[in-house]
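You will see two complexes here that share chain A, one where it goes with chain B and one where it goes with chain C.
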Partner chain A sequence: MQWQRRIAPYIFISPFFILYAAFHLYPTLWALYLSFFQQTGIGSAAKWVGLGNYIKLLSDDRFLKAVVNTSYYAAGSLFIILPAALLLGLAFNIRDLRASSFFRLFYFTPNITSGVVVAIIFGLVFDFEYGLINNWLLAPLGIAKQRWMQNAALIMPAIIIVGLWRYTGINALYFLAGLQNIPHELNEAAQIDGATRWQVFRHIILPLLRPVVLFTVVIAIIGSYNLFGEPFLLAGAEGGVRNAGLFMTMYLYLNAFRYMKFGYASAIGYALTLIILALSLLQLRLLGAFKED
Partner chain B sequence: MAVRDMAMRQPRSEVRVTWLRVQRTIGRLLIYSGLIFLAVLVAVPFFYMISGSFKRNSEMFSYPLTLIPIEPILTNYERLLGGKEIPFTQQFANSALIAVTQTALSLFIASLVGWGFAKYEFRGKKPLFGFLLATMMFPGQVALVPQFLLMVKLGWLDTYWAVIMPGVAGAFGAFFMRQIMLGVPNELLDAGRIDGSSEFGLYVRIGLPLSGAGLSILAVLTFLGAWNNYLWPLIVLRTASKFTFPVGLATLFGLYKIEYGMILAGAFLATLPVLVIFFLGRNQFVAGITAGALKG
Partner chain C sequence: MSQLSRRTFLKLAGAAAGVSALAACAPPPAAPPVGEPAKPTEAPKAVAKGPIKLELWTFVNTHARWFRSMAADYKKEKNPDFDLNVTEIAYGDMHDKTQIALQAGGVGAPDLVDLEQGRFGGFLRGKGDVGLIDLTGWLTSAGYMDKLVASRQALYTYKGKTYGVEHALTPCVVYYRADVIEKAGVDVKKLVLWDDWIAAYKPLCKDDVVACSYLGHDLLLRQNDGDYFDKDGNVQLDTDLSINTMDWILDLARKHKIARQGPPGDAWWTAIKEGKYLSLPAQADWYAGFLKDYVPDGKGKWKAMPMPAWKAGGRRTSCYGGTGSCIVKYSKYVDEAWKFMQYSMLSVEGNVRRYLETHLWPPFKPAMEDKRLHAPDEYYSNQDMGAVFADVGPEVPAQYQSPYRSEMNSLLSPKWQDLYDGKITPKDTFKEVAEAIRKIMKEEA
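Now for the complex of A and B:
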């Protein structure tokens, strides 16, 4: 019995770790190795280039454009989608608000819809001639029709609008979860003491929401750098007009599976990893500092 | 609460109380109109997809744009299910088979590892768990090329296994099940051991039944992830009859953009199961999401 109890945990965890090692850890290390080689296609011989791929990335205009675009989208997530979600979460948190749970679930449905389906729907929403935005939102306001997907300046705003439609609901749920953890008494006590709503929000609610803000920011950053389906299908597989819709994961995919540059694509993967790790650490520090004030 | 409200209001004059009520009503009205406006913004694209699937292309691409088809037709569905352009029913079945298999396997594996980490002390536990958490920060795409090369080596290219297996052992599922299974009382395990149960028996008879809520959350999340996944199946599947529906629909979207009605019909059919699962499991779902946010 005793020996059974000693070896049991290893038996419980081994299927997971065997599969995890085979399908995730080994490929992750293999990618690091590959990123030091020039390899084109499956059969071809790999040529050692050291840091060559990484150096090439720094002068690859398309790669730099992809970094800028992806970061543009990430900024949109942080400064447009998350604040909108926080507002919505605050609305959900109003006591005895009727039908609140209906709204919560309803705003959430775009999030569980496949990215491909979302792209198909928004292909119609952003259509120049027969699109919903041009005809139903801009026309009544007297604004001229826009070529959303053919105008380099409008592709990113359009993709952010898709993100707003798709991710505001789920982030509002995250914020609501955090808000529900804050006792109402705290709020009331401050108001009786004469604090304005803004003061209560700024000095009581926001600091207490810090863990949830941290969580949503990390998820938003990772999600932004992972985005693939929507820009790939909406802007065009190669990134659209002047690469205005080229995202990092798209560029990785293109290099790996269209141009067959396995080494170069792996280097893009590690560049992506570095950016995500750096941003996560940076915001841990920023929001960590926020804690002390 | 009512008592306290009255206590607060008592010293105020009637006029002020009425004014406060008016203010409150206006506030509520504004919030409701805002919420309804947003709900319309969420609903219209969905609704336009559904209505478009019943429209002729000539109606979809002409003025005025209609929210309800003037002349509803079923041709789009007949052509889609007829299978001349793409084997949609086959692709739909592929998606279902892949998502169900991946969900079943990952629940089994995640609950095993979660049980090991939650209920046993063993050498190497802390570093292994810490390592697992650290790898969660790595984006999955970094391993995309070698994962593809691995599938080539295994001879799995263009098979369902290539789609399923990399998704079976995920760090999130392992971490999630460990958190859930920490809640199983140790006294039950001791009692089970005294009754002569094997360690695996404890997992089957105590661990799994007492983690039902957590397992159903993970099931819904895994199923949706597998059902909607696009990038990985796009890489490893080659023939149209093996495609999952996102790859199939995306191909149709790329090739026959003119046939928008048929594409919308496919998009709608592919979204239906997700909506059904979501509304059946909505409580677990919301619980799962919020648990993630609070623990994170």
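Now for the complex of A and C:
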């Protein structure tokens, strides 16, 4: 019976590993393998092309455009959505804020709303003729109506606006969790020593928030490069005018499901993985995640 | 009993994982031989005995309703053991799921599936087995080939094999605001040529009211005996005919000032309700139902007429859209699926009922003369809509399928806006896209 006791823990944890191997590891390895082949069409034979698919990506205008667009959105996430979330988190953290629970729920709700629903609603919000933004925000300010989804220059800002609405709340809650872990005595001590609010924020709050910043930055990068539903539904499968809203995930989808180029789509998937990995490692290094305290 | 050490267990687990990984790296199964002639009949994989439950996927709710009602009657009249489960799945998802199921050798695939013509070409890509039953032999031997409109069946036929049966003839007509046009004294019977049509609508376009939005380029091209691909699959996008057709469409706004780009999505229906567009000069039969659904207040305001022709005696229609019903070759009940297809898709009763429920004009010739298709339609001021479709039906042009149609549309899609805005020319754009597709075709040859 000794061996049964020894094996029991492995049997208990085996369902996860079996499912993981079958539904994650196997497809992941298969996709890597497939990325070295040209396989186009249902039931077609695969032809070995080595690194051919990856080399082709480097001269594929639409892929490069998708990389630029996705990076544009990632930059928006890092430099617009996260700072907005930090400000909101600071606001949530104000003592004696009335109805703070309501505000937290209010700003969190967009995150649990289906991406499809969000995209459909924002499609109406951005409409040229009848849209909320043109008629209720721009018109009162005397600004001309904008063709948000028909103007290549405005498609990405529009998608970032959707991201701002959808993801600011959840990130604000992450920051709030971090802010609430900062001992209040530190703030008080600094203020007694004559530090201004900005100095307290810059030299006490921000350094102590580093683990949360690190987490949100990495999650934002991964989320941005994986974004699919919102741009797909807002801008169309090809990303609208001049592929201005074409994301890497959408280009992967187009190749796999519209053009049936399974090998090439697999290569796009691995290129995406490499980009996310490289950027995440860079961020971790820049933010000092590898430093020993 | 010998003990299993942790080290041994990990070794075994590692070996198992290695085997899985190696299995993952096994070469993909070889494709079946290509280009074999279609067999007259393909024997079903298993003979159905006892209860038969078929699964059908469709992305159109009206098709789903019709299939369900046909299945109920089939069960009653033909086979009490028959049961059809109709699953409605969103357009993109349904085609993606079908594709994955076929790529996986039929795992989770339905028995019958509706494939839209725009996505159908993608299923033909490559040199492998499509995964759908080649119906050519059955359709020929049962005499259906002559009863179906060949130009529509061309959409589901590739290299001599027919994989689907079309739901609709999709004859295109002009839907127009009779309350405005006829009230202004225009005799629509005299609008025989596009020039007549432009001249008649010009005086009616005032302020933000225009004759129409931009017309579909491929649709008008087909009316004029062209298309994006010819019957041999050659790219025709950059022909003079194609370029001139696009220039003509743009001239409706640039030169004649009677057209404007329609708003996307639901805003389009709001604009129609507000009377900003006086006509839909090239829309298919199924649009008759759309107007009823989205513009219920338009009852008594709209009518339909044949499209104007490019030249005297020319074709007064085109075709737009279409969906083919296909049998998946991995089905356990191929034989029963074919019998049900005959009962529903290839019968007078099935085609008539589908028109009454969905406004899809039958592509099945024996059904076209049925009196029930010619009932006055209250929404269209009691007009005999069936007569309009029947009038132009025989002229519906062919639309040839190509595995590259989907990718061509994908390359064209980001360019339409710049074309409409005059930032790029039809000539340069069409040549660029045509060359890109030719290059891809060459690479995959």
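By our rule, the second predicted complex is superposed on the first by the 283 of 293 C-alpha atoms of A that agree within 3 Å, B and C clash if a C-alpha of one lies under 4 Å from a C-alpha of the other, contacts with A are read in each partner's own complex, and residues count from 1 in each chain.
Note that in this section a contact is a pair of C-beta atoms (placed from the backbone, for glycine too) under 8 Å apart; a residue touches a chain by one contact, two chains touch by 3 or more.
The model shown is predicted, which means the values in this text are computed figures rather than measured ones.
Aligning the two structures on chain A places chain B and chain C in clashing positions. Judged by the touch definition given at the top, the superposed model places A:Gly123 against both chain B and chain C. Once the two complexes are laid over each other on the shared chain, residue contacts for A:Trp30 go to chain B and to chain C alike. By the touch criterion defined above, A:Ile42 lies against chain B and chain C together after alignment on the C-alpha atoms of chain A. In the overlay built on the shared chain, the residue A:Val241 is in contact with chain C alone; chain B does not reach it. In the superposition on chain A, A:Phe257 makes contact with both chain B and chain C.
Contacts of A:Tyr10 after superposition: both chain B and chain C are touched.
After overlaying the two complexes on the shared chain, residue contacts for A:Thr273 are found with chain B alone; chain C is out of touch. Put simply, more of the residues of chain A are touched by B, taking chain B and chain C as the two choices. Once the two complexes are laid over each other on the shared chain, residue contacts for A:Gln2 go to chain C alone; chain B is not touched. Once the two structures sit on top of each other via chain A, chain B runs into chain C at 91-99, and not at any other stretch of 37-45, 91-99 or 325-333.
According to the touch criterion, the shared surface of chain A, contacted by chain B in one complex and chain C in the other, consists of residues 6, 10, 25-26, 30, 34, 42, 123-124, 129-130, 237, 257, 262. For chain B in complex with chain A, the residues that touch the partner chain are 28, 31, 34-35, 38-39, 41-46, 48-49, 52, 60-63, 65, 109-110, 112-113, 115-117, 119-122, 125, 128, 135, 137-150, 152, 165-166, 168-169, 171, 174, 193, 198-200, 203, 224, 227-228, 230-231, 235, 245-246, 249-250, 253-254, 257, 260, 263-264, 267, 270-271, 274-275, 278-279, 282, 286, 289-290, 292-294, 296.
On chain A, the positions that touch chain B within their shared complex are 1, 4-6, 8-13, 15-17, 19-20, 22-28, 30-31, 34, 42, 88, 91, 94, 97, 103-110, 112-117, 119-125, 129-130, 132, 135-136, 165, 169-170, 173-174, 176-178, 181, 211-212, 214-216, 218-219, 222, 225-226, 228-229, 233, 237, 249, 252-253, 256-257, 262, 265-266, 269-270, 272-273, 276-277, 280. Of all residues in chain A, only 2-3, 6-7, 10, 21, 25-26, 29-30, 33-34, 37, 39-46, 123-124, 127-131, 149-150, 152, 236-244, 246, 254, 257-260, 262 touch chain C in the complex they form. Listed in rising order, the residues of chain C touching chain A in the complex are 1-6, 9, 13, 17, 20-21, 24-25, 27-28, 30-32, 92, 95-96, 99, 102-103, 119, 122-131, 261, 263-267, 270-271, 403, 406-407, 410, 413-415, 417-418, 444.
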